[in-house]
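For clarity, chains are labelled A, B and C in written order, and residue numbers in each chain start from 1.
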């Protein structure tokens, strides 16, 4: 747990009550930096990667290799005027904050590449992350309602329908992993994989997890609720400025979390020979991230009915079947 | 709960995904469309009225802006009608250059269609790839004519300039690049993409009866099993001297409309190659005075534009300006069919169907 | 063309052949009431109304019905004159559905009434546009220049 390390480090130099305050401030600054820097960096990766696929350059001007482009964009968003009219003030302003908070909270709970390298240590961290992911349909409905726009309403309903049909598959997948390792804590799941990675037992489950995870975070090709062609931006349509920026950052946080989860649950996390664990973790996460980012640029977007049919007819039965197999594996 | 509520949605004229400024008013029940009305006219610039105030030679810029995606086809069409009315013979080199430029413009127009169709399904990369290939042809048009989108290349009696030196080899090089991309990259991106197939197959079916009911022509009609192409039926320019096929499909859904246009790109490449091989030497234009007077007569010329049969009905009265110029635009009729096509579908399919019609509103509204 | 004999037998006398080429037939009828009867005859040979071009020879207006089919390149142009006093003609929308929007356009730009048209509204111009712009007597005056459209209240 990061806070413990920092506290013990600070208390070597400063006496007791003051050391507590100082370490608290350091932890807060560190948490904000991590939660802000990771999504912005992943956003840069996404933009650059998309540009390479589409034979463009992507961001080049701000910073080396355009690394600071997202900071520039965010700064620009802070200066935007508030233009939405006829909105429900509370639900309009509440949703971006709630969605961003629920995304950032995930980064505080998930280990950042090493045993105990998390800000807040809780024994049921996997379940808690799932809960934070599963809040979003409610928030989408609230946003779609509060914007007072027909497109936003359609987008909100679509989003709720889509996420509800996929989160069931997701929880079944998570349960099968938890069943195999006997714990809902990411730390112990990873340490159980020190000899053999779970991808050996659960290859299909991993694919189901990636698909369901992409659907839950509305990453293309599952971006039906915000379909920029049909509904312009779906439930985000009336948002602008930093409220929209919060959605964007939240999206990248979720992408990162899904990539990290795939690494932790199936690819052995920081386990690996020769080089330090954190390097293994970064390599694995980068590969998974690339796999997750690719479909957006090479696939189209299915229709909402096809999407929901796929979720109920294929993904959920597959996940349940896998759960039964894992149970058999554990029992035998 | 009682009866279900019906929501009225306005798609366009400023919807970012709508092609041009078409407006569709939809009554939706849940996610299903139950009634659709189309409204056009947002880009009406009175082209037919402007024609009555200009000399015959001064109308080319307006033709450019009709179907701005295939401007050269429009220019060639107008040149043909003026030359037919005024009995101007154009030299064979001009005929061949016009054929080459018309087909280059057709490829460019179809590339825009391919890209925007993919984009409407959510595939941004296809759009950028298609524009990347279009840029190569755009450069050729720029080298030949000096302009890009509205080239102003054709004039009465031929064209303003001859082909620049060495442009033939460049065209052939670009064509082989495009042929390669269409055969490999586009197939991987679209016709072998399962999501693309599931979104386009069986959607927006236009039957042969509907084609005849609404008077639709061009690739849309050919996708519904009607084997009619004015380049074959009544050959103009050099189309009777080259060998090419008319791609047709039977299903009439959005996918077959897409495939017809992809195959037309390949046929156009074939035509350009033959034309460049046979390109005769000699003068590139018949010198015609800028202001010509055409005696009283009616002239009708129809040609195959990338969107269908474009026609011009020119009425002259012996003066130096047209007395009346009526433009027959193919998409005007195709848009009419939308009110029947856009019923009992999901909201997501609206843009697939509208994109498969490939409307350019400049030509519809005139 | 084969159609010519059929049309001649349908209406005796009142039909004038202006131009006859292999793929083009231009005929003119004097009595505008015959248009529907002729359209039924033409429907047997031609599939669509290709275009409807109205020409303003004030006080007469000449309607050029251009018919085409999907089999070959044949074109039939049927000319009908209407006068400004009786500024209406029977609609052929129920025979050729493709005439629907073309007739709306003629109504929009010339003000010709089409009797029996299902939905005769303006199509290219706004509903409250003053006048019919493709007529020769249409003058672009201050009323047109300063036209701003409907007064909508937000």
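The rule we apply is simple: a residue touches a chain if its C-beta (ideal position, glycine included) is under 8 Å from a C-beta of that chain, and two chains touch if they have at least 3 such contacts.
Just so we're clear, the structure is a prediction, and the values are computed from it rather than from any experiment.
Q: Using the touch definition from the top, list the chains contacting both subunit A and subunit C.
A: Touches both subunit A and subunit C: B.
Q: Determine, using the mean of C-alpha atoms as each chain's centre, which chain is farthest from subunit B.
A: A
Q: Quick one: report the Å distance separating subunit A from subunit C, using the average Cα coordinate of each chain.
A: Each chain's C-alpha centroid was found; their separation is 62 Å.
Q: Taking each chain's centre as its mean C-alpha position, how far apart are subunit A and subunit B in Å?
A: Taking the mean C-alpha position of each chain, the two centres sit 45 Å apart.
Q: How big is the gap, in whole Å, between where the Cα atoms of subunit B centre and where those of subunit C centre?
A: Using C-alpha averages as centres, the distance is 25 Å.
Q: Quick one: which residues in subunit C touch 2 or more of the other chains?
A: none
Q: Please give the residue numbers of subunit B that touch subunit C in the complex, ascending.
A: These residues of subunit B touch subunit C: 40-41, 44, 46, 48-49, 211-215, 221, 226, 228, 230, 233-234, 298, 300, 302, 309, 311, 313, 315, 323-324, 326, 328, 332-333, 336, 365-366.
Q: Using the touch definition up top, name the residues of subunit A that touch subunit B in the complex.
A: 50, 53-56, 150-151, 154, 158, 220-221, 223-224, 227-232, 297-306
Q: Going by the contact rule at the top, pick out the subunit B residues touching subunit A in the complex.
A: Residue list for subunit B touching subunit A: 7, 9, 15-17, 31, 118-125, 128-129, 132, 189, 193, 195-196, 198-199, 346-351.
Q: Which residues, counting only subunit C, touch subunit B once they are in their complex?
A: Counting only subunit C, the residues touching subunit B are 23-24, 26, 47-51, 53-56, 64, 66, 68, 70, 72-73, 75, 77, 96-98, 100-101, 109, 122-126, 133-134.
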